[in-house]
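Below are two complexes that have chain A in common, paired first with chain B and then with chain C.
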Partner chain A sequence: MDNINITGAKILYTIPVLGGIRITETQVNSWIVIALLFVLCLVLTHGMKVRGTSKRQVVAEWIVEQVTKLVRENMGESFLPYAPFICAILGLSATSSLTALVGAYPPTADLNTIAGWSILVFSLITFYKIKTNGFLGYLKSYTEPIKIFTPFNVLSEIGTPISMTFRHFGNIVSGVVISALVYAGLASVSTLLLGWLPGLLGKIPLLQVGLPAVLSIYFDVFTSLMQAFIFAMLTMLYIGNAVKTD
Partner chain B sequence: MDPTVVNEATALINAKATIMAGCAVGAGLALIAGIGPGIGEGYAVGKACEAIGRQPECRGQVTSTMIMGCAIAETTGIYGFVTGLLLMLLAPSLFIKRL
Partner chain C sequence: MAEYLELISLDVWHIAASIANLLILTLILKKFLFKPVQNVLASRQNQVDELYDAAERTKASAEEDKKLYAAKLAGAAEEAEQIVRSASQRADRQSDEILADAHRRAAETMKRAEEDIEQAKKKAMDDLKNEISDISVQIAEGVVGRELNGDDHRQLIDSFIEKL
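Let's turn to the complex of A and B:
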């Protein structure tokens, strides 16, 4: 049972200022993901032409078109400047989760990463609510439909970022935990079944070949893309709803 | 050895064992939350199949809406899972430290 290792991000380095700022795997991997996306953007948008377009440009145009369509359908024409923001959330979330495929620690398996994004989205929602209704109108919206509902309204307001955070975090972490359990389980099963084989052959966990790959298609690829899409979708819906006046 | 010291040590070990057992049982109970989303998602998928059967041309839209709804319905199960995870990994050390 000692080979099951489910831990959070490892602390790689502690900067000795302000009582020690910790640089964890999360930060390092996030920066790697950001650098990857930056390089991808540079490659895709390099040397754009009006005629005789390259394949790279077609891909870039397809991405921009799809995200613009998504934002137009869910938030309306006036929110088109938000398309890059939504695209950034989609790309960052999907790429962060997909780093689990190469065995790295996915930054989205850390609660802090997604909590940061959720707080950003929550600030945007609150900003647009205040902008639409005015500050007093925003405060008054908590007492609707009757004054007794105020605590519930406050709770549901706080619940928005929390539920967004835990939905994304829980899905990614459940994948990580199940992968770890399956690996450990297959290792012990193969020592039981194949341990009698002579020499090194008995020590290699042969049963670990195959099954984890199938599981990782669901838990890593499908869940990652799904959660990225859902996070972006909820962002759009919440911000879009914030500007609606009854 | 002084019997009071032995008694105290036994009490400490018993308290630790109780904490570990309580956390494990709590984690198991928290994962019962998985039943709800299971039933709910099954119902949603069944309804989506009905809708596709009635109007096969709406297949794409129905499927994407269903997946979106399933992912949101999953939230309560995820809460249970996170609670279980906290009870398994964080709570034992937290409570044992307080002894």
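Let's turn to the complex of A and C:
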């Protein structure tokens, strides 16, 4: 078990400008995911008809209607233009995490990815709070219910994006880490138990078959979809709450 | 050996790239998924609305037709009644006329017949009177044996008969 090495994304290339912009697996895989989703959109919406819908169109309509419904229920009618944004969070998060299934490095296991999303969501929350209450009202909201609460209010405000980031990041990374540990562990146990077998047979880590697949269903599929949904839900609730005046 | 990032590391460019990626995907989804699907949904809604409108219009016009025909039917019944009534009135009037005419003619005929009878009776009476007076004169001539002055006696007898 000496060769377990848990790291971040692999650096593929460094653009030698502005102190070096590193292109990592995260970037490349994100682009692949976006390209995949783009192609999926084109395929699903290709040749749509008003009557006599195809299965692809049913899927496309289902996605749009479900996301629209979600946005309407959690954010209200006035936020319906946000449906594509929420859909993008859901799609990008879920698909990025699911790339682990094919052995690729999931971009959501990179803290920078989630941090970017959280910062964007936090900006939107702050924008809507200021827009609703005015700048002074926004500042004043930190001193409520009494002035002594100000530091805690500031903390809780900053805590929002940080907790969103680490919730998502932690869940995906824990999956990656546990998968790596289990894989390596099973390889050692396999060598230990079956290493006496002659020739190549002893080198095949037979125990790696089975258990990782079950774990993968939980960590890669379930957690991926769950975290995507949670992140989208929190985004909707926070932004939706930002426009509520109390 | 390839270089790796630290497991937990922050990089401004990577964060910026992530934000950009999310925004780009948002735009892609908006333009290539939401717009087309919403267009289709909207036009389907329009079609449904149109169908409903057309159905409503058809129903309304059918109701109108129904009302119209009901009115026409009622009018026709009234007209028929009118026709029957006027026909029967005319028939009544004609029969009255015919009856009156018949009555009148019958009365005329009766009257003429009565006149005829009266005349005949009068003539018969006159004839009888003349006969009687002639016979009386003859009898008296026979009894008296001589000829009486016919005219004198006839006058006498006539006045006698008048007194009868």
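Operating definition for what follows: the second predicted complex is superposed on the first by the 246 of 246 C-alpha atoms of A that agree within 3 Å, B and C clash if a C-alpha of one lies under 4 Å from a C-alpha of the other, contacts with A are read in each partner's own complex, and residues count from 1 in each chain.
The working rule: a residue touches a chain if its C-beta (ideal position, glycine included) is under 8 Å from a C-beta of that chain, and two chains touch if they have at least 3 such contacts.
Being a predicted model, the structure only gives us computed values, none of them experimental.
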With both complexes superposed on chain A, which partner does A:88 reach: first (chain B), second (chain C), both or neither?
second
In the three-chain superposition, say which chain, chain B or chain C, touches more residues of chain A.
C
Taking the superposition on A as described, I'd like to know which of chain B and chain C A:21 touches: first, second, both or neither.
second
In the superposed arrangement, which partner chain does A:115 touch: chain B (first), chain C (second), both, or neither?
second
Of the partners chain B and chain C, which touch A:173 in the superposed model: first, second, both, neither?
both
Taking the superposition on A as described, I'd like to know which of chain B and chain C A:235 touches: first, second, both or neither.
neither
For A:227, using the defined touch cut-off, is the partner it touches chain B, chain C, both, or neither? Pick first, second, both or neither.
first
Figure out whether A:97 sits in contact with chain B (first) or chain C (second), or with both, or with neither.
neither
Contacts for A:163 in the overlay, against chain B (first) and chain C (second): which applies, first, second, both or neither?
first
Which residues of chain A are in contact with chain B in one complex and with chain C in the other?
6, 173
Quick one: which bits of chain A touch chain C in the complex? Just the residue numbers, please.
6-11, 18, 21-22, 24, 26-27, 30-31, 34, 37-38, 41-42, 44-45, 48-51, 57, 60-61, 63-65, 83-85, 87-89, 91-92, 110-117, 119-120, 173
Under the definition above, what is the set of chain A residues touching chain B in their complex?
6, 163, 166-167, 169-171, 173-174, 177, 226-227, 230, 233
If you look only at chain B, which of its residues touch chain A in the complex?
67-68, 71-72, 74-75, 78-79, 81-82, 85, 89
Where on chain C is chain A touching in the complex?
2-11, 13-19, 21-30, 32-34, 36-38, 40-41, 43-44, 47
